[in-house]
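Structures follow.
Shared chain: chain A. Partners: chain B in the first complex, chain C in the second.
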Partner chain A sequence: MSLEIVLFYLAAAVALAATGLTVTRTNASHALIYLIISLLAVAVIFYLLGAPFAAALEVVIYAGAIMVFFLFVVMMLNLGRDAAAQERRWLLPRMWIGPGVLTGVLLLEMIYLIAGSPAMSSGTPVSPKAVGIELFGPYLLAVELAAILLLAALVGALHLGRRYMRARREEIA
Partner chain B sequence: MDLELDIAFIMIAPVLGGALLSAALLIWWERRLLGFWQDRLGPNRVGPFGLLQIVADVVKLFTKHDWVPPFSDRVVFTLAPTAIAAGMLMGFAVVPFGPGLAVSDMNIGVLFFLAMTSIAVYGVLLGGLASNNKYSLLGGLRSGAQMVTYEVFMGLSIMGVVLLTGSFNLSEIVRAQEDVWFVFPQVLGFIVFLIAGLAETHRLPFDLPEAEHELAAGFHTEYSSMKFGLIMVGEYLGVILTSAMVVTLFFGGWLGPGFLPPIIWFSLKTAFFVCGFILLRAAIPRPRYDQLMSLGWKILLPITLVNLLATGAIALLRAGA
Partner chain C sequence: MTAVAVPIEHVLILAGALFAVGLAGVLVRRNIIFLLMSLEIMMNACGLAFVAAGARWAEADGQIMFMLVLSLAAAEVAVGLGLVLQLARRFDHLDIDAASELSG
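What follows is the complex of A and B.
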């Protein structure tokens, strides 16, 4: 077995374990830390598959920015032991049946697909330049749509924030 | 390929050792320089010029009681300082100290640096959260907002340099500066990067996560002994890493007149910016938190966008001509 395959399975095992722990933790901040580790492991897998740009973006955007905001919300909510106990009450064994069956179907499908095609990666590294040319060439429409969606979210957040600030100002006055 | 791997493995130990040693030296150097600028002596008793003060400090930190508060989240509390130091140390992997002298000369070097600094944010955030203390929590929240905000400008301010070079590779960025350092065409990018770097490393004047006049010691209020030491080392590593990146991106990296070897030029330039960081601490008072945020979104963001637009237009014109 070559070094790359060992690294791949190691990263994949870390990703699976971390994701499993993310779902089962009752303490929200611990769950988030495992989710971050899972994202980092996925970034390593991207790198090994020859997509360094996607790997870097996975860390910068998902682990570095989005998860920080998740953690931010957890910090604001002031979750303590009570919240963890409530989580534990909600996470009953029978809750696992539905999602378990659904993911089981997906797992079987994936095993079938992997068994059918041995080579998952093209083996050629994709440079940042190639990604950029693809994004602003054939996939321009998707980029524009994402931009519009983000702009709408920004305007919405500004609107809600403004209303809140106005109410606060009237309260003070 | 194998030769490259060998160079990488040989480089790891000196880079890690050098970074940690300079971070330790910086603890003494900062106090001496601050003393000089504030018209006093600073630590000058232990050893020549007070150099052994570092040893005294380390012995003191190691012999202090390593207290983990019983009300804290023990595991996260213990792991958080390592995230700060490890993230910053990982960042050194892509710094080109000389031609071919980097642990990894990967083609996404700039992005790797940004990724590792964003990992270091977690140390501060989780440290603040796990301490289970009001001051720590406020410090952690502040640092989260501050660092995510300034990461945006940091990334955008580098993009001008990337545009002019046409690569994310740090060695190629240095080689592209043989005619003229990027600080001249990218002066706006340089200013924004410097300010963002200061905010990223949460150094004075932007040390609002630990602002001692209002938050005790902010996110590291509960930390003692070597855990506190690790946080401090992480902070100094951040200062050195940011200075090294300023030099690499805007001041020609290892390039310089031939009478000194490239690595000496690189070290001298980096040392200059480290001293600059310390001088800023001595000279500028801390802004209010909302002032810091509005400086970011209302001034720095437009500046970087205009800079990027102009750089893009010039690059397009040049490519067309």
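What follows is the complex of A and C.
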């Protein structure tokens, strides 16, 4: 068992712990920081699996851009101690029983099915060059579709946010 | 750079566990910001499964699918957080149950 294998299991444990803490926090900013830690741990796993380009994208876009966007909205809404107290009232321990049992059953079934068919991952890294050649060759249509999706999201976010900003300006004025 | 030969079933089990935690979060939480965060966790778990499969067969397709998942997550967050701002303006709180009635 080499050191890199140990690194994988360490990163997996960090990712699971940080994700569990994310969904149980009452303060939105704390949950976001734990989510960023979880994403960074998954980026380490990507690197260990031989996908350095996916690891870089995970850090730059996921842990960087998308999480900063979340943080901006949390700060804009100005959620303070009151919001955390209300969240604590909403989040009673007994609420976890039903969903926890249901998702736990599904997870156990899947672990049973996956563990029944052992196979090693190849251990050969896939370079960013190979990814780029595939991406702008056979997958060109998917890239165009992703561009249209992002444009639609941009228009939708602008439409929803503009009404919010106009209302804020009227409140201030 | 060398890649380690981790058993792929362990990576898939990790992805499944992350997905299950995110699913439990979606089912339990009432605050829409935490709901969006749980959705992010679930999509990230999907991306992990794609990259693991790409590493198993030493193909670039897994990372390409991860990129498409990434752009989907970005689009979803942009629209979702716009809805969060609207919800906060109309109801002064972020309870998802307040938006249970569809009316203009």
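In the analysis below, the second predicted complex is superposed on the first by the 140 of 173 C-alpha atoms of A that agree within 3 Å, B and C clash if a C-alpha of one lies under 4 Å from a C-alpha of the other, contacts with A are read in each partner's own complex, and residues count from 1 in each chain.
Quick note on the criterion: contacts are C-beta pairs under 8 Å (C-beta built on N, C-alpha and C of every residue); 3 or more make two chains touch, one makes a residue touch a chain.
If you're wondering where the values come from, they're calculated on a predicted model, not measured in any experiment.
By the document's definition of touching, of the two partners only chain B reaches A:Leu71; chain C does not.
In the superposition on chain A, contact of A:Pro99 is made with chain C only, not with chain B.
Once the two complexes are overlaid on the shared chain, A:Ile45 sits against chain C while remaining clear of chain B. By the touch criterion defined above, A:Leu57 reaches both chain B and chain C. In the superposition on chain A, contact of A:Ala146 is made with chain C only, not with chain B.
By the touch criterion defined above, A:Ala85 reaches neither chain B nor chain C.
Between chain B and chain C, more residues of chain A are touched by C.
Put simply, chain A uses residues 52-53, 57, 65, 69, 74, 76 to touch chain B in one complex and chain C in the other.
Remark: chain C residues 1-14, 16-18, 20-25, 27-31, 33-34, 36-38, 40-41, 44, 47-48, 51-52, 54-64, 66-68, 70-79, 81-86, 88-89, 93-95 touch chain A in the complex.
Against chain B, in their complex, chain A makes its touches with residues 27, 29-30, 33, 36, 52-53, 55-57, 59-60, 63-65, 68-69, 71-72, 74-76, 127-129.
Chain A makes touch with chain C in their complex at residues 2, 4-5, 7-9, 12, 15-16, 19-20, 22-23, 28, 31-32, 35, 38-39, 42, 45-46, 48-54, 57-58, 61-62, 65-66, 69-70, 73-74, 76-77, 83, 86-87, 90-91, 95-96, 98-100, 102-104, 106-107, 110-111, 114-115, 117-126, 130-131, 133-135, 139, 142, 146, 149-150, 152-154, 156-157, 159-161, 163-164, 167-168. By the touch criterion given at the top, residues 73, 76, 106-108, 111-112, 114-115, 118-119, 121-122, 125-126, 128-130, 137, 140-141, 144-145, 147-148, 151, 155, 166, 168 of chain B touch chain A in their complex.
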